[in-house]
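After this come two complexes, each holding subunit A, first together with subunit B and then together with subunit C.
Moving on, here comes the complex of A and B:
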């Protein structure tokens, strides 16, 4: 019986595995090895190439670097939290409140904006929010504002843009996990004397936990690695860490420094996700199912 | 006996459809009351109205003297055991049972004490820390009952909770539920489509059809004295035979079947001659090869079509000579009738008191 479980290398297996392995090695492992190598290259006193951790040390020496880093981490967590707060009622409404025949239609409405590219959607927000934009136009027309106000290029508009961009990635896992919640559990809790608040925190949230965590992981990673939205909607003071990496590679042409930053961002996202899983007592293997 | 639950002319409509139509009944304290009906008869809607999940369109539901109009489920002194039990899978047995007590803000020491006592009562001592998916079907059943009984409700509502169990366990749980109800003395309102569950467990049974109560009575009376053709057909097994009234005495009618047989039978109401009737005959009312001198019997001959052996519940499937109907005849397993074979022609009879006639409805 044990023989059956042994791993045999057969021709079909090789055929199926080759593209996956090529993908992994060529596009993920090799670039990262190269980035790691570059991040550890530096110059000695006489200006000759040498090995060292100077690139990583620069990060800690220069406050602008690690301040951006902390800001990016804190805002990403905030965006994840806000996305959850916005998406949870939406998912609950679609799965539990609305009549089943409208569910598909509402899901469609939720998906529709994501047929358009992120760039176009962000420009859409800019058309609405900029000084000469639609909202300012109406507010001044109605006499609420005396003169147009710049609503773009600040942290609030940037966070809003990021929440909007990642909504779907939270809503879809929440909808699927809430669909599996038996309505009679909610009714049973109600019957046993629970109010809406208790039902939500003792029944709905514990049941939805795997979906919440998987949605949060996706949203957090996408937000942390987002470049477009912070760049377009954030102001001069709303620097995102991906912009720092971009600057090092493209503007300063310092690939070694950029590689080091890239690795720090990877470490940050791994750390936060690990902490999040520990905090919610979820296992990664269960969440990714 | 104080009345725990009083349902007063309750109706419920969904658009044009009337699910529950002017239902009236009262359940005294400590009674095991069942509502028996086919699926779609409105019994679940009625139960959900008592629990508070639906509001009646008309009428009132009064629990222990208090009108429940506008009172949400979490403030009603009733608890519901759901068809699929609805135990919380994310909690242990103890947490499930504690859920309702915590909502009442009882002291943790009291809660702990009560959980221990109720688990003993439902025969699951020491199960506090078990997860729900570690339990068997019967154990889940008992945890669901414990979770409600620990709150000491005025009325415990049960929505076909035995439906998901296998036959053997169901038979066992029927007896256990009845015993438990007698011990705790809580008023039970039990809905089911399984007539055997209703008959075995209940003090009183209401037979429900198309949103209305056809008859509310003891199980014995439902079986022996059905008031409507639906009850006669639905409760227990019955053979039906149609005919026309020839003559009507005070209690006994004489009917003539399509093939010209004459029978004398009981009727629930006086019937005028010429009325089309349906005659209902229990399989066990049929006597196989009766003695020649027994009086008041309706005798006829049948041809055996097949023998349905089922232990104590064995029956013959037969059709009367010259008639195109099938009859089920109880076959006592006292070895007296072991000689009967397929295609045999035998005499059967029934006492005029054991049949019952109703005017045909359709």
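Moving on, here comes the complex of A and C:
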């Protein structure tokens, strides 16, 4: 192997490299190798431990498993899309429309709710939406509803909760990417007679692409791996794939099956992120900054 | 379209309305949670039955306020301890990683950099189960091979710390790296010419320059650890952290005590956010 000319083993290099290697090898690489290894452990006919893909076969044989998987994936993409649609105008308003002296204040308002734990935010929505909740109280008081309606525990409330939870991770990259968009580009286009839609699709969106990609990646990954929101806001029928993993690990105590599920979720998340990066010709190392 | 161009009134008012609705959507759950912490009712729901502080200070059998709620207070304490150790660990290792990737050259650097970024795109639940599996296997190995029982390898306090550290360190690395990239390396060269060694330069010059970024990263690390749920869920044992404990209570029916805790969390984190913002503004 040819090494770079500048490479010497120096004391500082060793001091910096050792803790980082320990961290990445012991807490990232080895555990995921173990995840794959455990997912391939199974039993042969006489009940002895053996290697095999039975855990993965179970996934395809049982419709409940792969249906949940597909559902989770489709809903995650939907949530990512909706988060973008809601957050884009907000980011544009804060960076381009509002008077500069309000910018800092609005930015603070935007960030504030996300410092609070996800659990507290989900709990707030539960108090608002449930049958004995605040919204039902007002609607029945105003005579719009005759009796309270259960608004929680369905797919709509779950998707709304997921959009709410992931909003920050879309808004922040969008704000930072729009800040770097030169106003004079928009002014020039306007002077040359471009209408709003042309400006938006030909100037704003192309410029914002790195922010859109990084926001989407984080939102998608967080939604896919979310457990709290689907569990507390979704109904009995709206199972999320992380709940399947949890059930295998904690309820059934079938760690091998759970590992296979975990591996599939990881593969899906990596695949979608990789495809997203490839389609938009972005690099992960650029996107995270 | 933008502020320097002429805009129709309809556009501006429409936009303001949208922002109003958005911020209402953003704050509604938090405001409702806070308000109902002071409602004199057995349930966190309307109608309003009058103002009370009993969900904070109460010590009656049917109404135990948060300040007398042993279980919840203990979980807050556990969370604070976990967050403390996670912060120390991730700031130390994250700063090392920032120096490693910004200032050192070694083979396979870009591969290792990619590996360092990977926790950002691994779902927290997966990180949790992987670490659980690996530590369990290690524990079994130590037990059968040498007959040693290592408590670290069983779900519990230290495994939670390690699990949270594994991805929070990445965030610290990114924050510190961003600041380190702005550092003028001629300052280091000057110090080296004047006879300082590499470690003296780092200690006296580079770390001084990095201090705001390190404190900022530490604050974020503490908060992320304090509020982590996904990774912790699989690594926790009897000493539950606050998010896990709250989750179990919310799932099995809730009392206004949860609103009281939420109120304290909202006020606490908002204050921390304002202080953090104030200091980061001052630096700029």
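Criterion: the second predicted complex is superposed on the first by the 279 of 289 C-alpha atoms of A that agree within 3 Å, B and C clash if a C-alpha of one lies under 4 Å from a C-alpha of the other, contacts with A are read in each partner's own complex, and residues count from 1 in each chain.
Everything below uses one rule, namely that a contact is a pair of C-beta atoms (placed from the backbone, for glycine too) under 8 Å apart; a residue touches a chain by one contact, two chains touch by 3 or more.
No experiment lies behind these values; they were computed from the predicted model shown.
When the two complexes are overlaid on subunit A, subunit B and subunit C sit side by side with no clash.
Within the superposed three-chain model, A:202 lies in touch with subunit B and out of touch with subunit C [touch as defined at top].
In the superposed model, A:187 makes contact with both subunit B and subunit C. When the shared chain is aligned, no partner comes close enough to touch A:277: not subunit B, not subunit C.
Once the two complexes are overlaid on the shared chain, A:242 sits against subunit C while remaining clear of subunit B. Once the two complexes are overlaid on the shared chain, A:97 sits against subunit C while remaining clear of subunit B. Legend: residue contacts after superposition of the two complexes on their common chain; A:77 is shown touching neither subunit B nor subunit C.
In the superposition on chain A, A:54 contacts neither subunit B nor subunit C. Of the two partner chains placed by the overlay, neither subunit B nor subunit C lies in contact with A:139. Remark: in the superposition on chain A the angle formed at subunit A by the CA centres of subunit B and subunit C amounts to 90 degrees, rounded in steps of 10. After overlaying the two complexes on the shared chain, residue contacts for A:115 are found with subunit C alone; subunit B is out of touch. Touched residues of subunit A, counted separately for subunit B and subunit C, are more numerous for C.
Superposition on chain A places subunit B within reach of subunit C only down to 5 Å, the least C-alpha distance between them. Residues 187, 190 of subunit A lie in contact with subunit B in one complex and with subunit C in the other.
Contact residues on subunit A toward subunit B in their complex (touch as defined above): 182, 184-185, 187-195, 198, 202-203, 206-207. Contacts from subunit C toward subunit A in the complex involve residues 1-5, 7, 12, 15, 18-19, 22-23, 25-30, 32-33, 36, 43-47, 92-93, 96-97, 99-100, 104-107, 112-127, 129-134, 137, 162-163, 165-166, 169, 174, 178, 198-199, 202, 223, 226-227, 229-230, 233-234, 243, 246-247, 250-251, 254, 258-259, 262, 265-266, 269-270, 272-274, 277, 281.
Interface of subunit B with subunit A (complex): residues 51-53, 72-75, 79-80, 82-84, 86-90, 99-100, 103-104, 147-148, 151. Interface of subunit A with subunit C (complex): residues 1, 3-4, 6-7, 10-13, 15-17, 19-20, 23-24, 27-32, 34-35, 38, 86, 89-90, 93, 96-99, 104, 106, 108-113, 115-128, 132-134, 137-138, 164, 167, 183, 186-187, 190, 196, 199, 217-218, 221-222, 224-228, 231-232, 242, 245-246, 249-250, 255, 258-259, 262, 265-266, 269-270, 273, 284-285, 288-289.
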